[in-house]
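By written order: A, B, C and D. Residues from 1 in each chain.
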Amino acid sequence: MLGLNRQDTALLIIVAVLTLLAPFILNPFPEGSGLATLNAGYPDLMQRFVIYGIFAIGFNILFGLTGYLSFGHAAFLGVGSYAAVWMFKLIGMQVIPAVLFSMAISAILALGIGYVSLRRSGIYFSILTLAFAQMCYNLAYSVLGNPNSRFNLTNGETGLQLTLDDPRILGVQRTPDGGIPVPNFFGIEMRDSYDLHLGDWVFTFSGGYYFAAAVMLIAFYIAIRIFRSPFGLMLRGVKSNQTRLYYTGINARPYTLAAFVISGTYAGLAGGLLACMDPLAGAERMQWTASGEVVLMTILGGAGTLIGPVLGAGFIKYFENIFSKINDNVLHGWFAFLPDGLEDFMVTLVHPFVGKGWHLTLGILFMLVVIFLPGGLVEGGQRILGLFRRRKAPPPGPDPEHHPKPTPHVAE
Amino acid sequence: MGILEVKNVSKSFGGLKALRDVNLSVAEHSVHAIIGPNGAGKSTLLNVLVGKLVPDTGSVMFDGQSLLGRKPYEINQMGISRVFQTPEIFGDLTVIENVMIPCFAKRDGVFRMHAFETVENEAEIVAQAEAALADVGMLERRDMHAAALSRGDKRRLELAMCLVQEPRLLLLDEPTAGMARADTNRTIELLRQIHAKRDITMVIIEHDMHVVFSLAQRITVLAQGAPLVEDTPENIKGHPKVREAYLGEAA
Amino acid sequence: MSNSKFTRRGVLRTGAATGAGLALPTIFTSSAAAFTNEPKGPNVVFGFNVPQTGPYAEEGLDELRAQQLAVEHINGEGDGGALNTFSSKALQGNGLLGKKVTYVTGDTQTKSDAARASAKSMIEKDGAIMINGGSSSGVAVAVQALCQEAGVIFMAGLTHANDTTGKDKRRHGFRHFFNAYMSGAALAPVLAKAYGTDRRAYHLTADYNWGWTQEASIKAATEALGWETVATVRTPLTATDFSSYLAPVLNSGADVLVLNHYGGNMVNSLTQAVQFGMRDKIVNGKQFEIVVPLYSELMAEGAGSAVQGVYGSMNWNWQLSDEGTKAFVKSFGEKYGRPPSNSAQTCYAQVILYADAVARAGSFHPCAVIEALEGFEFDGLGNGPTLYRADDHQCFKDVLVVKGKENPKNQYDILEIVEKTPVEQVWYEPDHPMFAGGELGPCNPGE
Amino acid sequence: MDAIILQTLNGLDKGSAYALIALGLTIIFGTLGVVNFAHGALFMLGAFCAVVFNRLLSLSYITIDPTQTDFLGNPLKVETPYVIGWFGPEAGQAIIDWSVPLSILLVIPVMGLLGLAMERGLIRYFYRRPHADQILVTFGLAIVLQEIVKYFFGANPIPTPAPPAMAGGADVGMLLGFPENAIVYPVWRLFYTFFAAVVIAAVFGFLQFTTFGMVVRAGMADRETVQLLGIDINRRFAVMFAIAAIVAGLAGAMYAPINSPNYHMGMDFLVLSFVVVVVGGMGSLPGAVAAGFLLGILEAYASLDAVKQILPSIDQIIIYIVAIVILLTRPRGLMGRKGVMEE
């Protein structure tokens, strides 16, 4: 289907079903129950899952395929956001031009940064991209963000936001009740949502989420096509052996540059979508920590795999948004069934790992995953699946035809 | 006029003169071996031919066109393929993918964005690659990871990757280095078959005299960066100058 | 089917809301509420959005303590704290409009992006009816705009930049904390008195929004009293080593160094300035002095002995002797074993003020609450008589000028109050050039 | 002129910190081939060693003084450090005052053991793993280390003053014939530069003149050959990791008076130190030191007001501009070796 083989079609369908049903899947606990804190099915977080998923998918096209580790991808995310907010300010609140403009601007920036940085490889490349991104961040924070200067492109620390007196030449300056209009997709406002009550459960369907999810599915589909294409094969060749590629009549530079621009465009798309969901662009989006975050997402999920980066993105965003909100109150609620002394003990025990300690849990998880699952979360999934299969189908004789792939080699 | 003409090529690294005034003419469809003791400049010459090094003086012409200043991938696109001393293959890719990359390179040139086709659907390319694998007897390993191959298989894979491009000139850098006798003989047989079947011009750089004398039609002996003799294998065998050069090495 | 601008969850905790969608099974229900997160169950949810990680984590923690204390007092637990001294008696210590106040917490990370994500989650997921807290102006402005769009009330925590109630003001945002203009207006006369009117000042300014407004405010106020400004130098916000900016100061002819830095920046620049020996120098025949216009006692702790004798301003200090302060400090100190910081006091007051406005309005409807807060005059929360000005939602009250204590008696005894600048002296008109531009916009019930 | 001299001094002491951190990072890169994102955390732990040492020396017994009261009006608890009890107020106070330089006594064993434990317990399993895995695991470790520190010491910076004798400014200019106050520079920072020079010299001396160091240098140049000679290079590399940890720890401990330690100070330095290492060139120790000082001095010059007037905010991006220019003109940084981390 859609030019994909059976396996990839199955993957795409599974991902599509999961994203469509995300409001159900992410809200497994009934409202009002103690565990409802762990629910992630509210619009903002669901939007973040898919948007950072796009960011990570794009990053993986560069890093997973070519092995070039960029430490400056946040610059494209940030520029994408600024571009989208400027479109909202100047043109109107329709999201399509905003998103397209984000992609165009970040593609241009990626072309420039990529052209220069790709002259070097390995860690030299990483540091070049880092340097460019940090420059963008610092400029956005200070020189380009001074409200008193004529070149206030970013509004500095506060972040670029909409105001009532923006021109919005093709849209309305203010809504009938005098407020700032909301980004919309042909009338569907990104903030629209609809609640479904099923017994004690509540499921929220958000317009913004489904818009972002649709974009993510398209982005994911394109990524699959790229992975399976001759172009993707060349990129994997770059990662595997550039010398051989060179002596096989292929110039690796335009391939890597194309991959860099594509992945920068993905980042810009993600940044633009972030701005569509919430029309404010802050400079922190471009800081090295944000670049590092997408690196971590990709490696955590499984670099070079199709679905890994999306899993990694979801994982990190879940911790950031859910674990950070578990305070002692919530913990007492969880352990209320225990006798008092034991309850307090459990709360004290769990306390350092949640709420303000969510960083600690995340750090420990990074270490555990990389130590025990060298292929990232995807490998974890494969192992579980493997266990399951083995149990289901006890040795019916080896079948090399169907398991031709050797386990990850350790050749070096 | 040979297909490859090297004229007065010199190359120094600092004070060391690696090549001095090398002249070489390789006739089309021939197998030409370059031999010489260690440090004679064989590898430097090869690197000049493939565009990795730029000579200080002289010219290198391939089929009437200069190779100087061209990048390795441009030189490859002109029809020159190279086999390395230690096989350079795509370890992370499967065997068939390894062979498909040169197929694409031949069809699409140095760069082409085929981001929306699917590799599996390129029937023609797949067929070419499978044929090339069959030629070197590796078709049954087509879905293995290349890194998991044995050393000999890696060499044969690399050879298949070069042959699938149907080069006009194949450069072989010690194609049997580190091989056991039996393997060496198989490789010799394979190269002989290929030459017979496809009539490719080959330049072999080799240490192993057994290989050289089994395959080459002409031999150039390099010593201290300069060509010593160029002749047929029969004449080279008993040549006093060659003995002298090799004796020095043996001692 | 009905669309709602913002999801409300507070409603759902009761499980009571039922209604039929058009052609859909009855399990599809839509709930008609008058405004965002209208509380329909036995509880009402407040959202406390404070930095829990990053450099301001400690300050966030202190804000959280104060917020929890305020919730206890509203629900009638504990000793009632400053409710006993508060001039408005609408709050009875029995919850809010018959509902028990509960709260959720979030981590701003002192980044506007993360702060908005966290606030959105509290609004969308937890049904928070108001957001309170924060430790930076960038975050305050960002979250304030979000609350305006969402239709909930934002009670700002520590935010000192003029813009929060200046060009970035919003109908749904309220600031109890003082601002940079007020710091300048309060500080300048005291400085002139202590150091004379013939002084030459050298400004080091954190290169971002708050730094710029602070620098402009202090510069204007001191120059009006005869000081000369030798130089204003911008320092990167992310800097930790200020030596290259401090090195030229002594040689510049300046005899006062003004550090427009906050938090970690302030700790480092002040400590390092003292290491340059500036406090021991005589320049232009006068003792060289350092001024830190905005103090935070938590950060002053970090600077250790370097703060001794250094002037600055504060919104409030636990050493004040009025009844409201005493009641709050006692309540806070007994619960947590330490005196509250001025950001804690602001957050406490903001929670109480919001709850009181709800009680006086008799409704959680944001428009009613805004109306109750606008122009509200009160006393007894620790800052003396205070006005919540309707034009820009800025509180007007006395401002404290403080000085680092020379011989501290214990670890909390860091600052001493030099003067309580009366509110008249820090008053400005809403159209003052430093605050001009922007408008409050309409009240937005959200649904 | 005086401004230039001031900024040069300033660049030297900034550069000292950069060079010390980069030196350790390069040792780990060069010997173990590991990208250590936890190196900033080691710097931070060093600074907290100084804090802990100060706290240990200030351990106090409590007496109640009924004549004074605390902020709630209860009788004041007076704390007296044991050392003052033992050595009398003057000697005891002097010991506490000098706690930062004395903390070397704590830093060397603690950081050394920690380095060994890290290498043996975690890092060595990652020698053959891709750099991406190394980044993830060391970054995770860095987060865990700094969260542990935050758990025990809080998020606020902790004042850790230099000894009073070294706390003020020295009028360097007077020695050079400038007028008073022309060139005043903090004594502690001058000391820091001196200290860094000693540590750098010690590390180079160790590598240059001991057999151990020679083997390690040979191993850095060609690991396989050295292993073929039957030398257990891995064990030596573990010791080098410990040395790198000690260097980072010393850099951090002595930095404590300049920058009151807080739990995230390591992260603030991490990115910068990577830039320094790469500008110096992968695998080159002299390169790392040279790049540290070069970037420190350039950063100091860029913050001159005269420069900022022409190029606003240049001080914030100068390091990155320099890094880009150097990497584009010299493919492997100042003194990088071919083939190290180029894949």
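By definition in this document, contacts are C-beta pairs under 8 Å (C-beta built on N, C-alpha and C of every residue); 3 or more make two chains touch, one makes a residue touch a chain.
By chain, with names taken from UniProt: B = Branched-chain amino acid transport system ATP-binding protein.
Note that the coordinates shown come from a computational prediction; the quantities given were computed from them, not determined experimentally.
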Quiz item: Relative to subunit D, which chain has the most distant C-alpha mean position?
Solution: B
Self-check item: By mean Cα position, the chain sitting nearest the middle
Solution: A
Quiz prompt | Rounded Å distance between subunit B and subunit C, as computed from the means of their C-alpha atoms | solution = 74
Exercise. Indicate the whole-number Å distance between the mean C-alpha point of subunit A and the mean C-alpha point of subunit D.
Key: 34
Practice problem: State, to the nearest whole Å, the distance from the C-alpha centre of subunit B to the C-alpha centre of subunit D. | Solution: 52
Exercise. Could you list which residues of subunit B touch at least two other chains?
Key: none
Practice problem: Please set out, as single numbers or ranges, the residues of subunit A touching at least two other chains. | Solution: 138, 142, 359
Exercise. Would you mind listing the residues of subunit C that make contact with two or more other chains?
Key: 53, 57, 61, 207, 234, 236, 238
Quiz item: Can you name every pair of chains that touch?
Solution: A-B, A-C, A-D, C-D
Self-check item: Touching residues (chain side subunit C, partner subunit A) in the complex
Solution: 1-9, 12-13, 15, 17-18, 27-31, 52-53, 57, 60-61, 102-107, 111-114, 116-118, 120-122, 124-125, 136-138, 141-142, 145-146, 148-149, 163, 167-168, 207-210, 212, 234, 236-238, 438-439, 441-442, 444
Exercise. Enumerate the contact residues on subunit C facing subunit D in the complex.
Key: 53-58, 61, 207, 231, 233-234, 236, 238, 240-241, 243-245, 247-248, 250-251, 264, 267-268, 271-272, 274-278, 280-281, 283, 298-299, 301-306, 318-319, 329-330, 333-334, 339, 409-410, 412-413
Exercise. Show which residues of subunit A lie in contact with subunit D when the two form their complex.
Key: 63, 67, 69, 116, 119-124, 127-128, 130-132, 134-135, 138-139, 142-143, 288-289, 292, 295-296, 299-300, 303, 352, 357, 359-360, 362-367, 369-371, 374, 410, 412
Exercise. Could you pull out which subunit A residues touch subunit C in their complex?
Key: 31-32, 39, 42-45, 48, 138, 141-142, 145-148, 156-159, 161-164, 177-180, 182, 189, 191-200, 202, 204, 206-207, 278, 280, 282, 284-285, 320-321, 324-325, 327, 329, 355-356, 358-359
Quiz item: For the complex, which residues does subunit A have touching subunit B?
Solution: 3-5, 225-226, 228-234, 236-237, 239-241, 243-251, 254-255, 258, 262, 404-406, 409, 411
